[in-house]
Amino acid sequence: MTNTQLSLVQIDNYGPWTVTPEPRREMDLQTLQSRLFADLAQFVGSRNGYVFFTRFDNMVAVTNGLDDADHELLQDSIGNRYPVTISLGVGVDPSPIEALESGTAGLQTAGSAQDGDRREVLSGSTLSDAERAGEDVQIAHFDVNDATGKYTDRLNEFDSFIQIEQGYATLMRYLREEDDALSFFVGGDNIISVCPAMTEGDYRDAIRHVSEEAGVELKVGVGTGATAHDAGFAAKHALEVCREDGTDVEFDRPHAELAD
Amino acid sequence: MTNTQLSLVQIDNYGPWTVTPEPRREMDLQTLQSRLFADLAQFVGSRNGYVFFTRFDNMVAVTNGLDDADHELLQDSIGNRYPVTISLGVGVDPSPIEALESGTAGLQTAGSAQDGDRREVLSGSTLSDAERAGEDVQIAHFDVNDATGKYTDRLNEFDSFIQIEQGYATLMRYLREEDDALSFFVGGDNIISVCPAMTEGDYRDAIRHVSEEAGVELKVGVGTGATAHDAGFAAKHALEVCREDGTDVEFDRPHAELAD
Amino acid sequence: MTNTQLSLVQIDNYGPWTVTPEPRREMDLQTLQSRLFADLAQFVGSRNGYVFFTRFDNMVAVTNGLDDADHELLQDSIGNRYPVTISLGVGVDPSPIEALESGTAGLQTAGSAQDGDRREVLSGSTLSDAERAGEDVQIAHFDVNDATGKYTDRLNEFDSFIQIEQGYATLMRYLREEDDALSFFVGGDNIISVCPAMTEGDYRDAIRHVSEEAGVELKVGVGTGATAHDAGFAAKHALEVCREDGTDVEFDRPHAELAD
Amino acid sequence: MTNTQLSLVQIDNYGPWTVTPEPRREMDLQTLQSRLFADLAQFVGSRNGYVFFTRFDNMVAVTNGLDDADHELLQDSIGNRYPVTISLGVGVDPSPIEALESGTAGLQTAGSAQDGDRREVLSGSTLSDAERAGEDVQIAHFDVNDATGKYTDRLNEFDSFIQIEQGYATLMRYLREEDDALSFFVGGDNIISVCPAMTEGDYRDAIRHVSEEAGVELKVGVGTGATAHDAGFAAKHALEVCREDGTDVEFDRPHAELAD
């Protein structure tokens, strides 16, 4: 069984800031947002977590392995270096969506995202070492088959992007509804999903659904571990097995379905 | 009439690089990608262009105002500071999709995106000063009505994100098919579209379509200018007029429909 | 004759900020300072200027080729992305030290560096295109002979650094007093000097002085151009000639002394 | 007694890289160097270490609290994101200069800094948790008295800088020779020294020496801790006590001299 620790990262009162005293240059906002994300990726990633840019003003991180002090330090360090501050809401649950639900609720209870007085909230609490286990995180790394040959080298970039995007939109909705998993586009033709303990059949169904509804052919590597990086790195290696063997779904280890 | 200059930015042979000699840490890839984008946003943005992250390995820039030497310098500078290099394909056309089509074709002709020998291609050519005009670029800045109250403060972050994402997926497809416009999600609840000369009615139709199909309520500010920044800044100010007056579509100046 | 345009970049009210409400983590300050410098290096550098980190809270830029609008944009963009703002003081003079004197005076007149009310000052004015000439900037690029063999591979890093540092301290003082030139350490074993029109003999004297007083052996490439990059790039190529021919002083072109 | 763990960070074969295939744009090198330093500052700093830019191609880090795995991860992550790689040499000793001597020797034994085949060396070993103690690191944070009033607001920036620089050059040499301490300029008017267990009298002597030789008036806060950040943060607070009480030397706790 998984036990995912998710942290919602929310820029405090960002909307009003972007237009005060008048609208700010869009490319400065884009720079700010993507560098803030890069800093989170380094901080969280070097502690074996994952973070996804999501909407940039709200980002979702898998933080198994990071404790309360890490969260405080992150918040403090961003506050020292950016013109904006961040609030952090932590939640833990076997189901990723429930974990995020509780992480989000922690911030919502403290006030609105656009409440000028609500700054640097840190809500929820992290897993103690004793509560952590080697199967806490399951990561699925999806990838489009031959995206280069089918799209990048043939269509104009926007039409390639539409294909990838519609594949992503379909997968994210399906996995959310069927499996309570959270899926994030990570660039190129890659989607990473934070999943509960799912079976090979579940993944096969998801791939079939995306193929039928959006016409996009996916393969997926699945990994399990104590942290997002452990699980995600195993998933990447499993994905390489898909590539070598021409298979669709590969797990990094004897998995749930076999155990059934 | 618009005359959009678009530059496709493509990381050379990126797919193979990400798994050589073995898969690289995902958070390092995320950092690399988002910082590369941030650097492009600063370079292009400080010359009054816009760049969108799109798939991160392929990015789309509106480069009216940047000449060939600017493109060369950008390519050179990235090559000096990153472990990867970029190719650039420039296209110019009254229709944004045609401009991108030709920019993309320039790179495709030179070889595959995953061709190890194809590096730092610079194809196509930029507008001379004499060819440029004050109406070359039309930018529409879309924004979700009360995203904070309806989504951010009420749903868990993933479900908020799904709403925004489905709104974006619907809009991008619609504007591509109906109007040859290119729409990019820029974070938060904002979508920026690079448009040909469109009318107020065209924008109204798009907003209605997204409302009906995805249930997401948008407003839009539209601006026109010699550069993406000029047009986009005017669009942002027009969007503020939407906010103040409670309207759906605002242009920065007497526009096409009136002229009809 | 040279005509150097120098811009002093000063972080507004930085001292008090670093200890408010209590001292900030030093590594966050270091990160902030070095990234701010990197952003200036990209902005100024991609417009063919040079910027030196100097004290980090006060930086000196050679900005021939950048106009008033460039300076405003830079100030605006930093203000959009950092928790601190910058003031800019521009000065122009055949003598680099006089140019900096006038750039500094512009800010000093506006108030103290630690005056909480003095923000985003932009003083002085830039050269018009008509006033600019191909010999406006002279850059000397100094480099220690065989620093790797004599220091890096033999001494502990601090003792290597002391050698380089004492060489730099000696050179900076000498060139300031004798020639009104401004010298900046740029990392490794390299020093870049912004010079008035100096002769081969002047450079020889400087090298001899540093050798005698600090025991550090230098070579130097000297370049002249309309911008810092043009002059500096020529200086780098001249330095390569020193390396190949085993000479001490090389100019990129028939120079002053010959003309005497 | 202190027990400082120092890590030498050396860019592999950097000199040749900067001029291959021909000299690279100086501002790109400056950007690369300062961003690399910023990334180290975040990685090391968020683990409570300190890093100093020193020569940028060789940087010195105080890494008490970082283990071998942290060093490997850092090396790996830089290799994934930069066009250059780094070698790391770790040394531990009660005397900072001895620790650095041994860290440097580890790399020197593995080959020259400009040996094209010597890449990503990781030499030496880190303190185990059992070996660590609360007094392992002593940090002195020096600051110039009224630098704003005496220099910044009165002299041109280069002459201000010369004052600060000569003060630094004097202090670094003195503390190296008298006390085996390593001193680094960290911007503004600040110098941070990594010290063995020194007494109040030792610091007083250093301040007097700098005043007499360079005419620069310093105050200093001294802190001790298990990590550089713990020690350095205590030093900063002690420095605030100097400011409030008008004193020259303040320790964060009952210190050596009292104990004598």
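By written order: A, B, C and D. Residues from 1 in each chain.
Here is the rule we use: contacts are C-beta pairs under 8 Å (C-beta built on N, C-alpha and C of every residue); 3 or more make two chains touch, one makes a residue touch a chain.
Labels paired with UniProt names: A, B, C, D = GTP cyclohydrolase III.
Everything numeric here is computed off the predicted structure, so don't read it as measured data.
K.L.:
Please work out which of A-D and A-C is bridged by more C-beta pairs in contact, and write that pair.
P.N.:
Result: the pair with more contacts is A-C.
K.L.:
Please indicate which chain is farthest from chain B, where distance is taken between mean Cα coordinates of the chains.
P.N.:
So the farthest one, by centre of C-alpha atoms, is D.
K.L.:
Let me have the rounded angstrom distance from the C-alpha centre of chain A over to the C-alpha centre of chain B, please.
P.N.:
Computed value for the inter-centroid distance: 23 Å.
K.L.:
So the centre of each chain is just the mean of its C-alpha atoms; given that, what is the distance between chain A and chain C in Å?
P.N.:
From the centre of chain A to the centre of chain C is 44 Å.
K.L.:
Could you grab the centroid distance between chain A and chain D? Build each centroid from C-alpha atoms only and quote it in angstrom.
P.N.:
37
K.L.:
Counting only residues that touch at least two other chains, what does the list for chain D look like?
P.N.:
25, 28-29, 31, 35, 42, 46, 77
K.L.:
Which stretch or stretches of chain A touch chain D in the complex?
P.N.:
Residues of chain A touching chain D: 39, 42-43, 46, 73-74, 77.
K.L.:
Provide the residue numbers of chain B that touch chain A in the complex, in ascending order.
P.N.:
Where chain B meets chain A, its residues are 8, 10, 14-15, 19, 22-23, 25-31, 33-35, 37-38, 41-42, 44-46, 49-51, 53-58, 60, 97, 100-101, 103-105, 108, 112-114, 148, 152-162, 164-166, 169, 172-173, 176, 182, 186-189, 192, 229, 232-233, 236-237, 239-240.
K.L.:
Contact residues on chain D for chain B in the complex?
P.N.:
24-25, 28-29, 31-32, 35, 76-77, 80-83
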